[in-house]
């Protein structure tokens, strides 16, 4: 049976800031599509969506989530595209016994040090990202790295994990500079990176920050002067807004490529019609997460948190977004990732035809194994 | 010169003036010919300063008629009146600009007509000021400020001067020379309205005295009749 | 650290500094002459950038007119438009507050800032939209020997410096400055002398606003255009004006440039403090020279 | 008389509120109301515009959060620690700022607050952008579990009443009278032998302390201390609240905080339009309702009596 | 000079007091002594330095060099609030009241200081009621007995002046410093204020700057004439007004006034 006679899903996302275009309103659309495709109701009871802007502020995120849980009968919270916000909401949801299915945040702390029995990390994490990208770059001779890091949980985590990968491959981290979230002038940081003598400038940031940094590197002719840029977290929309002229050749890791097969294409085109842009991996991830949550509710016949969470842990996830995905006890959703490269302008056959898949990174390489996890729920 | 033959310069009829809600002038009438010097006498708060301000449009509301050289100015914005009326104003409490130095204060008022004094002439008339040319207005002594306030309207070429309590805070020695300045201006054909507390200073200078009470002219005394009407005057000016 | 690195960072600092200078100049003109703390100055800057952006990219999409206003045209048009908004704000709102405490002007402009920011946040991403209209002629790089420097940024530096010093000359070396100061100190008397004070005040405010708008256009090709671009800047610019000495035109220009440099170098030596170093300096300056570096003690 | 009636109304509203509204939200309002009252003491009664009060509000939250989370302080002790911290911080700020006048004063407080913001961002214990999360609500006096939202609510309401009471007393005290005199004519007060700076400093410290009390309480309520609370926009918001409610009136800031808080909450679905609406309210208040809600009501009622 | 002979009775003395303003010496090496219980007037042509001297005495300016001794203590470096606490109080050229307080409250502010509760923000206002009687008495002394509940702004000019004096004497000053107390007043107000000063002087000392010679001649026991920052003459009215240097520099005549 269902609490309050309905299932309510909360989409808590950045609706106005740096991450707006990669998750934001698109995530709400994806959630609604999931509900529609599910049939609009479960066990004859309505499914509702509620959404809000966390403004990238963990306190706002947490207090919104608190009110959703206390006063608005929300059963599951998704999106959470900012690691600080995700950590605070997941922490709160743990106390309040509510499932969070974070699709947007990256920090591995969510499934490691601060893992929660009700927190699911769905699309990617800062361990999965460098495995493909950094490995490939170091292999191609990029031994010395300099990081420009977004100065909060996600950036730090991405930098540390990438640095570890680089060093494990015999590379070296020669420097780092932290830039505040939502910096609009990276020139000073870029010049510092340039003068460090590094082979690779690792951008441990995301969204608009990455776009700005890459564009400005182009203005200052940094790549032309012989250094490589490594976008550690790049979304489809970022490539789209930079344009292929600037972005071509950039390699990065992603969980989803919209035009990979007919199934993804079909869904993505439907999404594009409603949203006006092709889905990013996290938007597609919201669709998948909501769908699977509803499946679990339907199969167990309840929205009781423990029951649903247990069910999710047993299921093998198969849909247009994920094939053979498994949700581990620490909350990490284990699935394959892809190393992709941005096409040359000449290769592109359309506005959104931007990426070539170079290789697949199997789930067991991408994600921290249950043997190594620091999550207290596992060991 | 025979001012009473000269053409009329200023005619005020039935002037009413308000500050916000308070009605200060109640139908004031007054006429002035070119070259005349008159005084406005009255107790504190009788409305003398207000009369000058009303001429300049510095009250919140005024009605009636004020004509200068035949031009009606009752509805004119303040900044045009000085030009139209060739008028210079020396306010009560001096109105020296604290943030400007002496030179800047002196050169601030725009020229409204030809024939004003040059800066050099002015400094020779007020040597104290010359010494302090670069001093900020706020740093002048009270008396120096008073001199500067008069000096600066002599530069503009104005021929109608509205002088409000210019003797306030001045040492007797300065008062004397100030008296001489007014006399000289008078000889040069300036028309002057003096608002004065210091009757001893004003009496020998003026052609005519107006006594104001509660925003109306209650008495008008020609210089010639002054002795005869002394009694009346004292009654108006003190309790 | 090599000299080259420091030189390169100094140049970038100067690049930031000219924006500080131009903005604090406008603020100083408005504060120094009108005694108003224009909190909306940052919003005017943002507005300048947005008008340029809309003129370039959105006219057709929004209004169905197929014109595109290029960068050079914006450089002239935008300051006029922002100045016009300044006229409206001054005439309709600020004018009624002159005889009240300073803080009401500050609060009013704070409110206006919220409105403008909110309006643009509804239509534009707060993290910024790129301005694509940078003129072709300025799109290259200049090889300075120790670094490649984008031509446009060099242009922005030179152009702003010219504007700043021209303004300074205009205000300090013409009678205008003293008339304005007088008009603010005692508007009634100044008008009684025959000066059109309301007009002077309106124009001054509009000029200050226009300067902010101009800075916005100049900034658009460098930074992405965002509804919040002015909000964080304005606080820094306040500090610049205070350090320079409130009301001192030259003080605003010089301290703007200097603080840009200092901030730039801080980014190299101790990046976390870059956004705060100015406030430390401000506290120091106020403790030892309360009227600011170039201000006159009252 | 009117104050007494208003006080009773406030008491009734405060006691019953959690039965009508979401208690956490009401607690949030109470914290802001107290913050605004503290701010009002300074601007409305001492004539000092501080643009840096967020430093106290936010600073106290961090200290309270840290000592309860890391050192295991009880919530009450934690709040006292946070408040005590702002008392010290307020003394330092006050000492530096009080010698400056008018707008310079506002600027110095703003600069000092920016430095606190910087520290909050950089110091390891604050968690930077992540904020200080997971502050325990703990137990009051060792047996009242504050995770119970009603218990928490009445605890917050009691704190509010205490803070409000201190401010009320201060306004209507011999000290308050001297403050008023200083605001009216500073140099005259000086020449009567009052050491004006000392009075301003004391007012500043009281205001900072109560602002800290509000911030510390908020940290316990939300179990969170975040940068937002120390940001200059929070300093701006508290001005808005005070102005809307009525500057220099005892109850104005309370009404203002509730009005502004409720509005932003109700309108939050409209995204950035909230800002536009708040901005418009700001402008309207400055232009036509300079007395604020309570101030206007007072004027109307006194007029009727005349 | 007879300065030394008068020394024991002097409540205020200056030694070589000098004030420079960026190269301009407004006050030069002034040695002045004010006898206890007297009314001492400071006159002189405009720009002579009277206001500056006054500001030095009241600590609104700090001297460049020299010393100020008040009631046996060196107050050269005291703070304005400090000297007031020792009974040296100034009144202002422009009327200085607390405009939105009532007359009674104005006076109470002054009386309150002696209660030593002014920092007590935890005490209720009612403890100030004990001052009401004294306040009323002080108001009556200056003829404002009926205006206790009137706000200061609403008082006419002359009464504002009286209120200011009431506030000043409420402090029970030993030495009052008055700067042009009759400036801008009509004849009637001048005489009211002059009377008032005469009435309140008992047991106190007054130093005043004044241009109105009538006032000076009726009130002052001792006159110091300043000119260009220096003392030109000292003495009572008759002595000073007959001094030819004074006549030239101040009155502007060479004949006796």
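Chains: A, B, C, D and E, in written order; residue numbering restarts at 1 for each.
Note that in this section a residue touches a chain if its C-beta (ideal position, glycine included) is under 8 Å from a C-beta of that chain, and two chains touch if they have at least 3 such contacts.
Since the structure is predicted, the reported quantities are computational estimates derived from the model, not experimental observations.
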The chains touching both chain C and chain E are B, D
Which chain is most remote from chain B in terms of Cα centres?
A
If you take the mean of the Cα atoms for each chain, which one ends up farthest from chain E?
A
What is the distance, in whole Å, between the centres of chain B and chain E, each centre taken as the mean of its C-alpha atoms?
32
Nearest whole angstrom, what separates the Cα centre of chain A from the Cα centre of chain C?
38
Determine the centre-to-centre distance between chain B and chain D, using the mean Cα coordinates as centres, and give it in whole Å.
53
Taking each chain's centre as the mean position of its Cα atoms, how many Å separate chain B from chain C?
44
I need the residues of chain D touching at least two other chains; which ones are they?
271-272
Residue numbers in chain A touching two or more further chains are 16
Let me know each pair of chains that touch one another.
A-C, A-D, B-C, B-E, C-D, D-E
Mind pulling up the chain E residues that touch chain D in the complex?
58, 79-82, 84-85, 89-92, 96-101, 105, 108-110, 112-113, 115, 117-125, 127-128, 167, 171
For the chain A and chain D complex, residues of the former touching the latter:
15-16, 52-53, 57-60, 62-63, 66-67, 70-71, 83-84, 87-88, 91-92, 151-153, 181
Interface residues, chain A side, partner chain C - complex
16-21, 177-180, 182, 184-185, 187-189, 191-192, 195, 207-209, 212, 215, 219-221, 225, 241
Which positions of chain C touch chain D when the two form their complex?
37, 93, 96-97, 100, 102-104, 106-108, 110-119, 121-122, 227, 235, 238-239, 242, 246, 272-273, 275-276, 279-280, 282-283, 286-287, 290
Chain B contact footprint on chain E (complex, rising order)
21, 43-52, 93, 156-158, 180, 183-189, 211, 213, 248-253
